[in-house]
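Look at the two complexes coming up: subunit A is in both, with subunit B in one and subunit C in the other.
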Partner chain A sequence: MSDSEDESDIQYVPFNQREEWKDVVPIPQDDGPHPVCVIAYTDQFSDTLNYFRAILKKDERSPRALEISKEVIALNPANYTAWYFRRNVLEALKSDLTEELAYVSKVGNSNPKNYQIWFHRRWVVEHLKDYSHELSYCAKQVEGDSKNYHAWAHRQWAIQMNGQWEGELDYISQLLTEDVRNNSAWNQRYFVITKNRAIPLTDDVIRREIDYAFSYMQKAPNNQSSWTYMKGLFLNRPYNSIPEFKQRIEEAKSKYVANAHAATLYLDILEKEATKESLEAADKVLDDLIKHLDTLHSKYWIWKKENVARLMQPQ
Partner chain B sequence: MGDDDWPLILKNQSQYLHHMYNVLPTPYASQDSNRLTLLYFVVAGLDILGELDRVNKEQLVSYIYAQQVLPDKDDPDRLVGNCGFRGGSFYGRPYNPNNEPTSAEQYDKSHIAMIYTALSMLRMCGDDFSQVQKQSILKAIKSLQLPDGSFECVHGAGENDMRFVFCAAASCKMLNDFSGMDVDLAIQYIISSQSFDGGIGQGPGQESHGGSTYCAVAALFLMGRLDDLPRKDDLVKWCLDRQVSGFQGRSGKPPDSCYAFWIGCTLAMLNAYKFVEFPLVKSFQCSCVFKAGGFSKVPNAYPDVMHTYLSLGGLSLGGAQGLKSIDPALGYPISL
Partner chain C sequence: MEATNDQKTSEQTLDPKTNLLRDLHKRYIVGLDAKKDTFEYWVTEHLRVSGMYWGLAAMDVLQSLEEMDRKYIIDYVASCQTSDGGFGGNVEHDAHLLYTLSAIQVLVMLDGLDSINVEAVVNFVSKLQREDGSFSGDKWGEIDTRFSYIASCTLALLKRLDTINGEKAIEFIVKCKNFDGGFGAVPGAESHAGQVFCCVGALAILGGLQHIDADVLGWWLAERQIKEGGLNGRPEKLPDVCYSWWVLSSLAIIDRLHWIDHKKLHSFILDCQDDDAGGIADRPGDIADVYHTFFGVAGLSLTGFGNLNPVDPAFAINPKYLERLGIDWRSKSSPSQSTLL
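Moving on, here comes the complex of A and B:
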């Protein structure tokens, strides 16, 4: 089939009018006498599935089997049986998987959140042993929907399979420049700095990342992502491993007076410090959160305040 | 619709679900292969409204059992990975509600989400599981587990992620037998999927998401291993931060009615639902009510059965009137 041909371009012809299908006895669906959640299938849908069932029963791995799997997929791209069968036929026919990659890209473009399509794509790419198109394909999906979960997961998979770390941090910066609130991009940055063995998490790298987060935070201080990222940098190290960090956050909290995120991060630093002074300061931050900074979560902050009070009591 | 129309809202949901129970409109054809999950949302929706007694449960149970993929009648270990329940009748087997023995066929494959939804519906109908092929299903579930601890959904033929870790754990719990899973390996997968922000993604490195967070926490809860999860405080905070009015599924995204369930149940399991501002949740959910019945994902959109049940479930967690309580870990209404 040529690239420009599309399932929707081809006029549907009932199977009993197709010469090359004359030998096949269609198998209807059997839902019994009292079916529930009956789907109002179109005639085309029922007809196509009736003939597909017949091919499945025979496990016929032929060119026409490949064609009908395409038609079934066009009607229901989530039909995992059709995709599985298609893979078997592709292998039996020793089909050109470069063509298959083009096909799965086209179907993927129309159904960017379909699990079966992304899974099939992985299968094709693994068999081709060619990961060279994956980053651009994922970028294209992300262009259409910057938070497409499948695209990001596939991107992480491709990078890990191919070791294509180079350029990824720049790509993320590009996305964050377009939309600093893109949490998926922030997650991807964390993925790169923690999974890429070529970047050991030294104090210098952490400082660089803190500066990075601050620069983007300033564009949208009320967006949580950059603050969460900063906190995440200290997942496996104490806050005082970067001594100036506490003060930087304290200053940010003073600068962005109505900002719950700055206060929340500062609170976490104080709580983890766990001295008499820091807990007293924490108690004051909690009052601010409860009274005006984050009233939506006041019940939670009140509970936190009780916890801090317990910690402050003499042993 | 305002919340003071509450009794009318419930009445419309009931009508909508009874209608869907009979016929799903043509656009649902693209979900033909997971029809059993659609049935689950309808059945659970009717149950939560106290309306399940209005359907013919015997016929419903028959239909569910007819979707069971049976072990091969001569060699129960042949194609045992296919055992469980089908997504629907699209494979083309003759209707077999009494589960008369059959030969296994390669393309007649179970899907782990259908095992979960089938067993759940049987439970809701008060069935005693006497026709469930327990041993074959446990073997099938075991065959779906991958070296990283996650589960694929269809044997040798589907993707793997946190959704299916949940389906496996919930199914084993309902069968009262965890020999279908390497529990410790599954827990490793869950723990390594906890993000730097405290929430949990579909797999290691992936963005924290309300759906995968629910699946992970519920799986741990059902395996009795919730305490294995580190940073529970961060997780609670992450969940609470998802409330913006209603709940969002990820940081920075607009609220979506189904997250009142995914995030709500997670908070309930962590004993932290008390921190939710429920009136705001109820308001948002009501703004997603479709006038002719059903809930949609966001205001002014078409409804679907999934958002309908999950909205009702999310409302039940906050104590909305006229709804049964749900089991937050298993996901469906508790039988009295």
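Moving on, here comes the complex of A and C:
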């Protein structure tokens, strides 16, 4: 059931008992006969939807239309038609969208993963041209669920609209300190360093990011995010552009003996180097992965081993 | 809905951990429309059309499509077409891409396309493409690679892919490719298995698979499998049966299905069955729903579980319908492989 904090103080009254709805003829859902056993909340559902249907049919864009859309949403926040209709009414009534932002924030707090609410919020914010509340709103949702996909996507959108890059790297560090395994935070870091045009991706920045990833990796070496992030730093540049990187990974691999991620990254460096020595070393790493480091994915590693063998053959 | 002792079938003596309880799941699906007195019925009212698709597609996988009421379903779905050509999630709901695809998939399965205004659907869908190649879900403008997939799939089934800019559509999807090899909802958004399916499926349908490195993506997808056998959607998240579809279908499209441990995955899916009321849940012990029931059996089918009808990984319906329509996405493009080979 939707858990709307602001609706709980409003007692449901059947629509046929409401004076201001006396002129409306409800349109029932054409579903067949009513079931024998009717439960309380289905009464409220069907009653509200029946009256909503009547208002929809008339396309009535009035204050009571706005009210009923709120009631439908309270019963089922995923009812996208209610949200569409609400936007039409808001436009027709030229409603105060500041109030609407407060409303969508309340409903959003109770339903943090609802697509319709996030989109409605975006619509309101775009019309208000006021992005100043977005980062704190997203941060609040992330506090409740650190990987809320909608919150992160909305955050990226707001930052790009507002150019509010400052403080973002610190915010990410705060989250990673709380939970180093937060893949969404790692993704956000990548977003910031690649999308913020004010800070080009120089060798120094890459080095700083490698150090950063290492420091968090050490807190949870078996979590793949920091390793994936490091690999991602070399998406558009060769590993040897940072000469000391290979050795750092080799040392990490020796230190974290049972760690598949360290081995995987080291393997990638060796494969891309593609010399006789590096491929022979790659072959040994693959044996480790197949035999004990990552047996779940042995089919993948065996296939990789065949690839490396093919590369080692004389041309 | 508990069976009495008299009604106990041989299936109820089977161990749900190693057996697919077909009859029970079929009874569950067929019985869904009657449960009008449940909260779940009402709170899913707005997506009823998709619910029909999941139910029908699941029955097809379970080799029992003919048990569904063809005429009733076609009539009902047709009544959900709106004046702007798309389909709402239920009667009197506004049109949205989500329900438009479900409606078309249902009508293709039941051979009922002549019950609707196809031209109006094509018009509705094609108009949703933006200049940058992306698609919105409706006239309000939410952008998401889910909609790139849905639009491509819908138009392909209606043989009208010519009404959109395929090159631009592909371009936008490629922008959503991330540093870890996965795909997100919009450029920059975190890689997520559901979005990966949408991007990979769309690229397959549009003929843009060459933009995918099968080895890099295949590995990201293979890493979704956790030790216990289930699949998650992102690193460090819990497994969920629906990822059996999003991950497996993506792997199937790029020809890397063998990188998943099938036996362990089967154990996980079977463990998610509700051996009392039927249906499959997202996780062992949770309440079943028709969405997870479909994706559970579809995942089993994709990985060779016996006595199930096949499911096309790009279109999520039985390949025989694609044959009937003359659709062959595999001939349009193939994924690339790392330069290592």
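We take it that the second predicted complex is superposed on the first by the 299 of 315 C-alpha atoms of A that agree within 3 Å, B and C clash if a C-alpha of one lies under 4 Å from a C-alpha of the other, contacts with A are read in each partner's own complex, and residues count from 1 in each chain.
The definition used in the following text is that contacts are C-beta pairs under 8 Å (C-beta built on N, C-alpha and C of every residue); 3 or more make two chains touch, one makes a residue touch a chain.
It should be emphasised that the depicted structure is a prediction, and the values quoted were computed from it without experimental measurement.
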Room on subunit A for both subunit B and subunit C (clash or fit): clash
Partner chain in contact with A:191 - subunit B first, subunit C second, else both or neither: both
First (subunit B), second (subunit C), both or neither touched by A:311: second
First, second, both or neither for A:115, with subunit B first and subunit C second: both
First (subunit B), second (subunit C), both or neither touched by A:59: first
Subunit B versus subunit C as contact partner of A:242, first or second or both or neither: neither
Contacts of A:128 with subunit B and subunit C, given as first, second, both or neither: neither
Touched partner set for A:279, first subunit B, second subunit C, both or neither: neither
Intersection of the subunit A residues that touch subunit B with those that touch subunit C: 27, 29-32, 34-35, 37-39, 41-42, 45, 49, 53, 56-57, 75-76, 78-81, 84-85, 87, 115, 119, 147, 149, 152-153, 156, 181-184, 187, 190-191, 194-195, 223-225, 228-229, 231-232, 235, 296-297, 299-300, 303
Contacting residues of subunit C [partner subunit A, same complex]: 36-39, 41-43, 45-47, 88-89, 91-94, 96, 138, 140, 142, 178-180, 184-186, 188-192, 218-219, 222-223, 225, 227, 234-237, 258-259, 261, 264, 340-341
Subunit A-touching residues of subunit B, taken from the complex the two chains share: 20-26, 28-35, 38-39, 42, 55-56, 59-60, 62-63, 66, 87, 89-95, 97, 105-107, 109, 111, 153-154, 156-159, 195-197, 201-203, 205-209, 236-237, 240-241, 243, 250-253, 272, 274-277, 280
Residues of subunit A defined as touching subunit B within the complex: 27-42, 45, 49, 53, 56-57, 59, 75-81, 83-85, 87, 115-116, 118-119, 147, 149, 152-153, 156, 181-184, 187, 190-191, 194-195, 223-225, 228-229, 231-232, 235, 296-297, 299-300, 303
Subunit A residues touching subunit C - in the complex, by the definition given at the top: 1, 27, 29-32, 34-35, 37-39, 41-42, 45-46, 49, 53, 56-57, 75-76, 78-81, 84-85, 87, 115, 119, 122-123, 147, 149, 152-153, 156-157, 181-184, 187, 190-191, 194-195, 223-225, 228-229, 231-232, 235, 271, 296-297, 299-300, 303, 307, 310-311
